[in-house]
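Two complexes come next, and they have one chain in common, chain A, joined by chain B in the first and chain C in the second.
Our next item is the complex of A and B:
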């Protein structure tokens, strides 16, 4: 499976999807059309878990700020990870700046919403 | 138009910027967000407060952009325009104001959400936000989705007005206040 890499823009994060088992999203997220923007990412992740997933998948999320539709999108993404975690080992690092209270809060909410997932809060 | 009158208004009301009458585009929104980032940096505003300002600004401006895109293009009175304005009070707190024209039908969709967020405390808003995000309903269409809950989570005061223009049209005005804690040491 080919890696997929998207450079950051003013309003979308840098995204890196590696078939060796590392998924990263770093930056801001408020695309004009969130679902359209992320659909190739979601498709890649679905195909990855359907086929050639690595033994352990590490997901690094470092989102500075985001709009509400990105929040919904990340929820759907975590939902997909939770489903995949039935058959795969997945570890998620929710990386936040210690001054960024809302990013920490967002990570805590995801931990509560996805009890089956291993989500680490990682202070930068 | 006398530009000095605008200048006086900007000085008197602590206006940081405004945009009116044009098309709100994603490029414009992200440039204005960048300007806000500079403003926050210059004023040494904490990351928490800054991110709340950016998120509220983005939410309101994208709401207006999406609303105008979805509006009936054959109806000239729903031109894709809106007023969005960021100002700073003498105490150093930030206000984000938005106003655009909406239909009666959309007013009826929006108003219950606004009443609900006003009636809830912070914990209640957070709980409702997560509940709505999970249920996944009403998150894609115009009319706010979880957007108003996102805004309510991040502000200290949410005020709104609907001012009737005619039978079917209203000015929808939203004023958000974000208090800046000067002594914040986080």
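Our next item is the complex of A and C:
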């Protein structure tokens, strides 16, 4: 499976999807059309877990700023991870800056909503 | 048969339960997203407002400081010349209305109002012996005196601030004459920057109309006659036309900022 890498833009994070088992999103997320922007990402992740997922998958999320559509999308993304976690080992690092209260709160929400997932809050 | 039906209904019940659980979960999630989002928006907007206010205050501070520095520099220049009282203020005001009627925009005219009082700043570098000499200058002293235009330019030209750059031009060119007989560069016509041409007229109009320790103020008729004579010679003809067209405005300024007798 081919890796997928998107450079960061003013409105979108840097995204790196590696078939060796590392998924990362770093930066800001407030695209004009959030669902359109993320659909290839979601497709890649679905295909990855359907096929040749690594033994352990590590997901690093460092989102500094996000709009509400992105928030919704991250929930959908975590749904997908939760589903996959039945058959795969997945570890998620939600990385936040101490001063970024909303990033921390978002991380706490995900922990609360996705009990089956192992989500670490990682202070930068 | 009966059991089969019950089984089917039970299956339906189960999937309905699953579906409605998911829907309820989705609705809760959606609400949470909205609440968070609203909260964030509020914080961001507050933050933005605060920052904006800070920037505004800083900008005011900078502009105020700039105005004061520039005005003080003008006053220093004047203190080294034989001008007195509100000369600087009047030159500033005359320059602005000349600029506006000439067609410069409000922003540029306001800048010129602030920059034009600095035209004589170069005089701080003229030796006292020359500067304070009573009576007429000999040729050598006149030459020294005339260097004040270039000296002012040298002092101000290094700045990257647009206001000080403008002041540099004004200092450099306010003794140039439209017919090319001025100094320091004998520039001619529109080779002289409009800011220089404007300040030249404003400065002379005010100097002639004011009492000095060495001369009485000229009366208006004499000044107007000179201006008509110097139209296209010393002064830009367009500016002279503007001056006479809007004479009342100039006289109002002169009256508003007149020197109080000591």
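Please note the rule applied: the second predicted complex is superposed on the first by the 124 of 124 C-alpha atoms of A that agree within 3 Å, B and C clash if a C-alpha of one lies under 4 Å from a C-alpha of the other, contacts with A are read in each partner's own complex, and residues count from 1 in each chain.
Everything below uses one rule, namely that a residue touches a chain if its C-beta (ideal position, glycine included) is under 8 Å from a C-beta of that chain, and two chains touch if they have at least 3 such contacts.
From a predicted model like this one, the values you see are computed outputs, not experimental measurements.
In the superposition on chain A, A:58 makes contact with neither chain B nor chain C. By the touch criterion defined above, A:97 lies against chain B but remains apart from chain C after alignment on the C-alpha atoms of chain A. Contacts of A:106 after superposition: chain C is touched, whereas chain B is not reached. Touch counts on chain A: comparing chain C and chain B, the chain ahead is B. Looking at the shared chain after the overlay, A:32 reaches chain B, while chain C stays out of its contact range.
By the touch criterion stated above, A:42 is placed in contact with neither chain B nor chain C. By the touch criterion defined above, A:71 reaches both chain B and chain C.
Of the two partner chains placed by superposition, A:8 touches none, neither chain B nor chain C. Of the residues of chain A, those at positions 67-68, 71-72, 75, 101-102, 109, 113 touch chain B in one of the two structures and chain C in the other.
Chain A makes touch with chain C in their complex at residues 67-68, 71-72, 75, 101-102, 105-106, 109, 113.
Against chain A, in their complex, chain B makes its touches with residues 26, 29-31, 33-34, 46-48, 51-52, 54-55, 58-59, 62, 65, 126, 130, 133-134, 136, 139-140, 145-147, 149-150, 154, 186.
Those residues of chain C lying in contact with chain A across their complex are 29-30, 32-34, 36-37, 39-40, 43. Against chain B, in their complex, chain A makes its touches with residues 10-11, 30-32, 35, 64-69, 71-72, 75-76, 97-103, 109, 112-113.
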